[in-house]
Structures are given as structure tokens and as C-alpha cells.
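Every chain is named by a letter (A, B, C and D) in the order it is written, and numbering of its residues begins at 1.
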Amino acid sequence: MIKQKINSRMRAVFLLSIMFFLGVFWVTGSAIASESTDITLEQALVIVSAARERAEKKGILVNIAVVDAGANLMAFVRMDGAFLGSIDLAIKKARTSRLFNMSTGTLGGLSQPGEPLYNIEISNAGLITFPGGVPLKDKNGNIVGAIGVSGASVEDDHEAAMAGVAALK
Amino acid sequence: MIKQKINSRMRAVFLLSIMFFLGVFWVTGSAIASESTDITLEQALVIVSAARERAEKKGILVNIAVVDAGANLMAFVRMDGAFLGSIDLAIKKARTSRLFNMSTGTLGGLSQPGEPLYNIEISNAGLITFPGGVPLKDKNGNIVGAIGVSGASVEDDHEAAMAGVAALK
Amino acid sequence: MIKQKINSRMRAVFLLSIMFFLGVFWVTGSAIASESTDITLEQALVIVSAARERAEKKGILVNIAVVDAGANLMAFVRMDGAFLGSIDLAIKKARTSRLFNMSTGTLGGLSQPGEPLYNIEISNAGLITFPGGVPLKDKNGNIVGAIGVSGASVEDDHEAAMAGVAALK
Amino acid sequence: MIKQKINSRMRAVFLLSIMFFLGVFWVTGSAIASESTDITLEQALVIVSAARERAEKKGILVNIAVVDAGANLMAFVRMDGAFLGSIDLAIKKARTSRLFNMSTGTLGGLSQPGEPLYNIEISNAGLITFPGGVPLKDKNGNIVGAIGVSGASVEDDHEAAMAGVAALK
């Protein structure tokens, strides 16, 4: 019924790979969970600053949000002149990314018409599934939160978010 | 994007068939309604356990929800490490399945772009229409509730849900 | 029901005491955070069972919800015949209790007309501030989640919740 | 705490005075509006830092939000260990304060049972009317945004918010 023109075997392999790596990260995470399971405000501010610097360098105006391991807002800034409508987008991107432990763009690939997670956006009081949200991992690979960036093209948003991710050592 | 070339007459026939059988089930259901119209907590817990065992056997981490004949939450468990975003998905899958008395995947086929129930997900405070939600029937075939599973691939979610369905004798 | 004629000086002392102990618990919690910061499903199910047994012994019909340290739903059961409207109440009680690290009844005392937190219920997509929600602590005193019970009198709901709390060793 | 036995004539006078001064500020504000009508991110971050320093000095754990002249979120931080439920409270306090151009505590006095603005909290997708939200004014007295602080006693929240206000020169 759900006609899918991507060959479905390839997609299954892709999905299984994601699941596998999520599983690996999860086990790893559980094993080391005793060390650090959440982000601190200091870390969140460093992450936000790194994303903001990248945005300034690229000359884009964005909103930047960081959520913790519980998907709760930890830090947020809106650059002067950035879209007002992107406040909610940035926060929802960060939240979405942590709720499903993957980048929002990856989830968005799975939520297209005909794809396995079509219209998942309606759940969890609203998800955003285009690029700009990325999980944050500590040095052990544990997911400790997520960053969401919104205001420019989705590619630029994602790039700024990745700069934030890279700042968490 | 995913254009569906099934000819629309076939689809109409298919839909009418569904409607017819729904009608039959409805009448049947009404006739025996005096015997048992709802699930009990004991049954719900057995169903949840069966779905969970299947998930454990497959090595997947899922959220499992059971709703009663009124589509109201009856039992829920989240396996340690399962997606936080799947709490809402599992509950919405169970609810969706009971609201329309079919598996969520079946409904999802009808809600794709160009299909008869396009964007039905926006109704009822949010539906989930990809696989993982399945109606629960008593031994007389009456629908007495539904189960929703979320956290792994939609195929695996559906399989775990079916294990729950099978546990209700 | 929760009419409070406590004079305002006593209340101030009470509030300061709460803040102090919250502070103590927090520091303690942070110090030991490396050991165990969240509840497991096994623990959640033991807690739910204990609350349910108490309810059965008292002959009351309740909904029981357990949330984890991130205030996300972990386990839920509704006893046969319990109020449908209490599904949401039980979940919101558990959530409220974890969001503010105190029992819902305590928060309810502070949210009455003329009290410091009047109408706080409007926040966080809806809080429930009458008794029945209680934080869950591990053996080190860390808050690792909360339980919410709803369906009977608020006193009985609270008692059943406390039975759940006691079951977490 | 905010019990007010002020007789109702005095209250009317008080209300009219507020309205009058609001009117004055409004005209004044409009006249100079061409100069600076909004807060910048740099200013917002200075304000947040000042509120945070005060909180650290007092040993309290709070969430701090700053909204601009349009009542839209501009900056937010949550101190490690601050109530999760106060994320929404801090943002709503800042928003409420800017929406009505007065401190949330002042509005809260007017929203008590029997008072002129009873249950105003239900409006605007949820207001918070206990202390901790304060308007931000530029050097000309124009309201350019608001700050909201939540996590400690309402008096301490308000004090930290005032420290933020004082940082905007």
C-alpha cells in the first residue's frame, strides 16, 4: 500500500544500520553512564557561542537552542534580526533531535510521504524534521543533549549546529 | 513526491470493502456487546508483557501502550533506553488504531498524499499512522482496545505489537 | 479542601525550610550523581505494584503513573473501573512532582489564592497541584523520578503514592 | 503572601494611577521610539549574566529568560540543578511582564479572586502572575523587553530579576 520507489531493501539496510549504531551507542552509553549523563550550563554556553561564531562568520542570522539529556531547554540565544518564527523552530529542532537521538535531517528523510515515519511531526507536541538539530555527545559518545539552529537555509543551520557539536569535547 | 499509480477505481473498491467489513464487524460487535466489551487491566498487563518479551528477544528498545475499548490509556511501559520521543508515539499508535479499528499501517496507506484520508493525522489531537498500532480483539472478534509499540523500525514495532495481540485469547 | 490558615510568618519559615532541604538534597544529589541518576523500568514496575496493592487493600480504584528523572512517562496502569479523567491527572501529578521536586500537595498549598505561586497550574502545559504526586528518591536521597496517583480522595491517592515511594529502596 | 486587604476605593485609585502612568510612558515612549525600540542580544546577555551572578551570590538555582519589545524570547539560561518546571515559568514571567508592561507581582495582585483581572492567567496561552518578571527599560524609560526569573522563592526570583534590570543602562 505504501508505495516506495527507493528500493525497499536498501532502505531496510539503512534503517538497520541506524538501529545498530544507536544500539552500540546505547550500550556504550549505559556502561559509562556513571561518569557523566548530562550537559552543564557552562558546556551549553560554549556550544551556543561556537554555533553563533560560525553563524556570524557566514553572515547568517539564527536562533540557537541547547537542550539537556532530558530534552529540556538549557540555553537559548536569538541573534539580532533573526526570524521570530525561528525561536520555536530552533527549540523544537533541539528537542526533536534528543527525543530520537539523531539529527533532524535524518529523521526528516524518514518522515517524507511514503517513508516509514510519515507525519511523525504531529507527535510530541510538534517536531521539526528538517536539518538544523543535532545530538550532543560527550567524549565517551554518550548523548547528553542536543542543539537546534534555525534562521538561515537548512544547510547553513546544520553547519552552525555542527560547529556547536564540535565545541563539546 | 511518492506518486502512487494504483488506479483509483481499485482503491475505491478497496476502501468500500474496508467500510463493508467494518460495518459487518460493527453489527457483530454490537450483538455480542453484552458479553464483554472491554479489556481488563490483567489482560492489558499480559499483552504488554508479551510485546516486551518479543522486543527483548529481538534486542530492540520500545515503548508499549495499551488502550481500552474507549481508546483511553490502560497500561504503559518504556524499556530502559527506549526513545523518549516514542512515549507519545506508542500511545498515539494505540489510540489511532482503536479510533479507526485498523492497524496504523493500514491507515497510513490511506493518508498519503493523493490518498482518500490525506493528512488525517491532524485530527483527534494527533494521530500516528505508520506501523506499530494494532487493534485488540476478544475471542468473539470484538475489538476491545488496541496496542501501540514504538522505538525500533516500524516493522519491528509492528511485530512486537502483534505478539501482544496474540497474547489476548 | 486545602484551606490553610497558617500565618504568613510560619509559611515563610516553612518555605525557607523547603528551599534549604532542596538545596541540601541537590548538593548531595550532585555529589553522588555519578552513581545512579535515573529510575529503571524494573524499579518503576515495583513502585506501581506497591501503589496498586495499597489501593486494592483500601478498596479504591486509581490510575498510577511513574515518570523518570527527566519527567518523562515510564510506566502507567489504570485499575478496572477507575475514573477515565484520572488518566491525565495521574500523569500530570507525577510530572508536576518531578518538575518542582516536591509533593503535589505541598505545591498546591503554595498555589492557592493569595499564596506565592497562585495559578502556577497554567504553566508547563498544565500542572496538577492537589495531593497524589510524590518525588521518588534512591537510597542516596537523589530524586530519580516521581509517582502520581489519581482516582480516589486526595488523601487516599497520596497514601497509595507513598506506598509506591516506600517500595523504592 | 500577596493577600491584599486594601479597600477597593484605594485600589481603584491605584489602578487609575497605573493606567495614567502607563499612558504617560506610552506617549513618551512613542515620541522617542525612533531612537531605540528594542533590546539587542548583547544587552540581553549582559542582563542574563547580571541576574545569574546575583543568583549565584545568593546561592539559589534559577532559570533566566529575556524577551524583547515584541515579547519574543531573546536569551535563556538554566543554572545546573534549577527546577525543570521553572523553564516555562521564567519564560512566561518575562512574556507576561512585557505583555502588560508591569512586574508580574503587580499583575498578580490584580488577578486574585475578587480582583479586577481575576484569572487573567488563562489568556495569552498562559500567563504567570507571581513575582519574578520585570520590564526592561532603556535610558529614556522606554520599555524594550522584560526579564523573567524562576527557581527560588518569589522574593529571590524578583531580586535576581531586578539585578538584571539594573544591568541595562
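Methods note: contacts are C-beta pairs under 8 Å (C-beta built on N, C-alpha and C of every residue); 3 or more make two chains touch, one makes a residue touch a chain.
None of the values given here were measured: they were computed from a predicted structure.
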Winner on C-beta contact pairs when A-C is weighed against A-B: A-B
Centre-of-Cα separation between chain C and chain A, whole angstrom: 31
Distance between the centres, which are taken as Cα means, of chain B and chain A, whole angstrom: 29
Residues of chain C engaged with two or more neighbouring chains: 70-72, 125
Touch-based graph of the chains, sorted into line, ring, star, complete or other: other
Chains grouped in pairs wherever the two touch, ordered by label: A-B, A-C, A-D, B-C, C-D
In the complex with chain B, residue positions of chain A that touch it: 1-5, 12, 15-16, 19, 23, 26, 29-30, 70-71, 96, 98-101, 112-120, 122-125, 127
In the complex, chain C residues that touch chain A: 33-38, 69-72, 125
Contacting residues of chain B [partner chain C, same complex]: 40-41, 44-45, 70, 72-80, 84, 87
Sites on chain B touched by chain A in the complex: 1-6, 59-61, 80-81, 83-86, 88-89, 92, 105-106, 108-113, 119, 121-122, 126-131, 152-155
